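Here subunit A shows up in two complexes: once beside subunit B, once beside subunit C.
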Partner chain A sequence: MRESIVMKIHYGTALGAVALVAIHILMRLTVDFHESLTYDAVVANYQMLGYALLLELILILISVHGFNGLRVILLELRQGSGYEKGVTYGCIAGMVVLIAYGTRTIIMTNMGMI
Partner chain B sequence: MGDNDNKEGFKGMANPGRYGIERVAYWLMRITGLGLLAYFIAHIYETSTILDGPSAWNAMLEMTQTTEGHIFLTLVIGMCVFHTANGIRLVFGHAGYGVGKPGRPDYPYPAKSLNMKGKACIYASIGIAALAMWYGIAVMFGV
Partner chain C sequence: MEQKIHPKIKEYQEKQEESKVEVPKANLVTLKIKKYNPNKDSSSSYQNYQVPVEKWTTVLDALLDVKQNLDHSIGVRYSCRQAACGSCGMKINGKPKLACFTKISELDSTEITLEPMDNFPITRDLVVDFSRLFANHKKIMPYIMNNESEISNGTKEFLQDPKHVEEYIQFAGCIKCGLCNSACPTMAMDSSFVGPQALAQAYRYVADNRDKGKDNRLKVIDESHGIWRCHFAGSCSQVCPKGVDPAMGIQLLRGYLLGFRD
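== the complex of A and B ==
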């Protein structure tokens, strides 16, 4: 994929994440901050389908943005065909693992498998 | 004189004193980015404890409900806000806004893109991050 397209994805995921994380944080402030973090309150949040979808979107957007950012930093430090391939595939693998792990939490909590 | 005597390498690139606030912003952007990625991974792990029941969730939550935990979260807020505000500046810059028009390259060759608009945005990003940290402290410590 062309680097210009990768950077457009990088900026798109950033802007999307900013909007969605703002909603995520505002949800904490709709009630008392400490109360909003109690076990029952958090489980209730996860079991709202709309909120679960919001969390999943945030998970995907930040994972893509974060691991691409890490890739960019690592490629600035050193270059080379093998190194660049290793960094790219390593970052993709890290991203996939993180999304899979976070999705597992969202799905299991949303479906009451706790 | 050896070939490498005048080459500073990574140190030359990293030196924040040479290129002013723009180089400081460059480093802050990368440091906050790495910090936020580390926090995000830890946050995904932290929230997964909800699957282990209320006691595991409360035990994990207690770690963040300490003075040290609140200070750590305040730093996360600061990193997040700076990274966002400076990132928006970079998106505009990469799209060609606010970088100035090309000019004749006269000595000492000042870069048109390193202008007051950019510097003001960097200082504003740092200021907004400081305000957000102050608000975070007020909420978490109940000040």
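== the complex of A and C ==
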């Protein structure tokens, strides 16, 4: 993939994450702040389908953005084709594992399995 | 090594002793020069040389004075002495500058440290190897690419109005001295980074309306160690002795890749 496409995704995920995290934070204002982070309130959020989708989107955007950022930092630290391939595939694998694990948590909580 | 005394300083000292009267004292500065020969030395060292200077003396003048009178072995590259050839780039008191374009008087210091530029392999003392700079410059195809031959279509020249010249003219001032690459923090970390000099030159040709090689050039810089690794620190623009603004060129070039410019 061309680096400009990767960077468009990088910038796009950053903007998307800022917007969605802003909504996520503003949702805290719908109840008293001290209540918003209690166990029951958090689980209730996960059980609302819309909110669960919002969390899933935030998870994807931040994972893609974060692991690409990590790839860029690691590519600057050292160079070499073997190392660079390792970093790229390692970051893709890390991103997939994190999204899969986070999605599992969101689905299980949404379905009341936790 | 025994420290040699500059003939002019010796002359002054002798006159002083003979006449016992006040002889106008010359301004003296100490050049602290980093010496290193990678083929011979295991580590670098600094040598001090005291030279008399006038208010118009440049760092290069002082260096050549040292070479002529105190130490012939100092490695320094120079040619035009007027900031046109880009040969005498070095770190002067920690900042990348052209030795011929920096007056001793403007440094406001009696001790001047001269070191080879960062981010380049050292050939000897103050001379660095420009192979990578020139290879990256060549990679971006620094020439007008246009299939229309001036001869075949019968025109004598590709006409350009001042508005189009304005688009790229400041970037055409690059003398390939390497100061921007030396100041670049990404160059210090990423040995494969194409560098601000080549990127600014890529913009110079991409922005030229006579050129038709934009896509080829953008392809060259749009890779993992290309234009996207610039952090926009801006130090390249700060050190350029010709007023080129590579940091701006890089941002404008990104505009083409992000689709903001045609």
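Some observations on this one:
Here, the second predicted complex is superposed on the first by the 114 of 114 C-alpha atoms of A that agree within 3 Å, B and C clash if a C-alpha of one lies under 4 Å from a C-alpha of the other, contacts with A are read in each partner's own complex, and residues count from 1 in each chain.
Basically, a contact is a pair of C-beta atoms (placed from the backbone, for glycine too) under 8 Å apart; a residue touches a chain by one contact, two chains touch by 3 or more.
Just so it is clear, the model here is predicted, and its values are computed rather than measured.
Annotation for the three-chain superposition on subunit A: subunit B and subunit C clash. Of the two partner chains, subunit C is the only one touched by A:L75; subunit B is not.
Once the two complexes are laid over each other on the shared chain, residue contacts for A:M7 go to subunit B and to subunit C alike.
Looking at the shared chain after the overlay, A:F33 reaches subunit B, while subunit C stays out of its contact range.
Residue contacts after overlaying the shared chain place A:F67 against subunit B, while subunit C stays out of touching range. Once the two structures are overlaid, the count of subunit A residues touched is higher for B than for its counterpart among subunit B and subunit C. Of the two partner chains placed around the shared chain by superposition, neither subunit B nor subunit C is touched by A:M48.
Of the two partner chains placed by the overlay, neither subunit B nor subunit C lies in contact with A:A93. Subunit A residues in contact with subunit B (one complex) as well as with subunit C (other complex) are 7, 11, 77.
Contact residues of subunit C toward subunit A in the complex are 186, 189-193, 222-226, 228-229, 257-258.
Residue ranges of subunit A in contact with subunit B, taken from their complex: 7, 11, 14-15, 18, 21, 29, 33-34, 37, 39, 42-43, 46, 59, 62-63, 66-67, 69-70, 73, 77, 98, 101-102, 104-105, 108-109, 113-114. Per the touch definition, subunit A reaches subunit C in the complex via residues 2-4, 6-8, 11, 72, 75-77, 79, 84. Those residues of subunit B whose C-beta lies close enough to touch subunit A in the complex are 10, 30, 33-34, 36-37, 40-41, 44-45, 47-48, 50-51, 53-54, 57-58, 61, 65, 80, 84, 87, 91, 94, 139-140.
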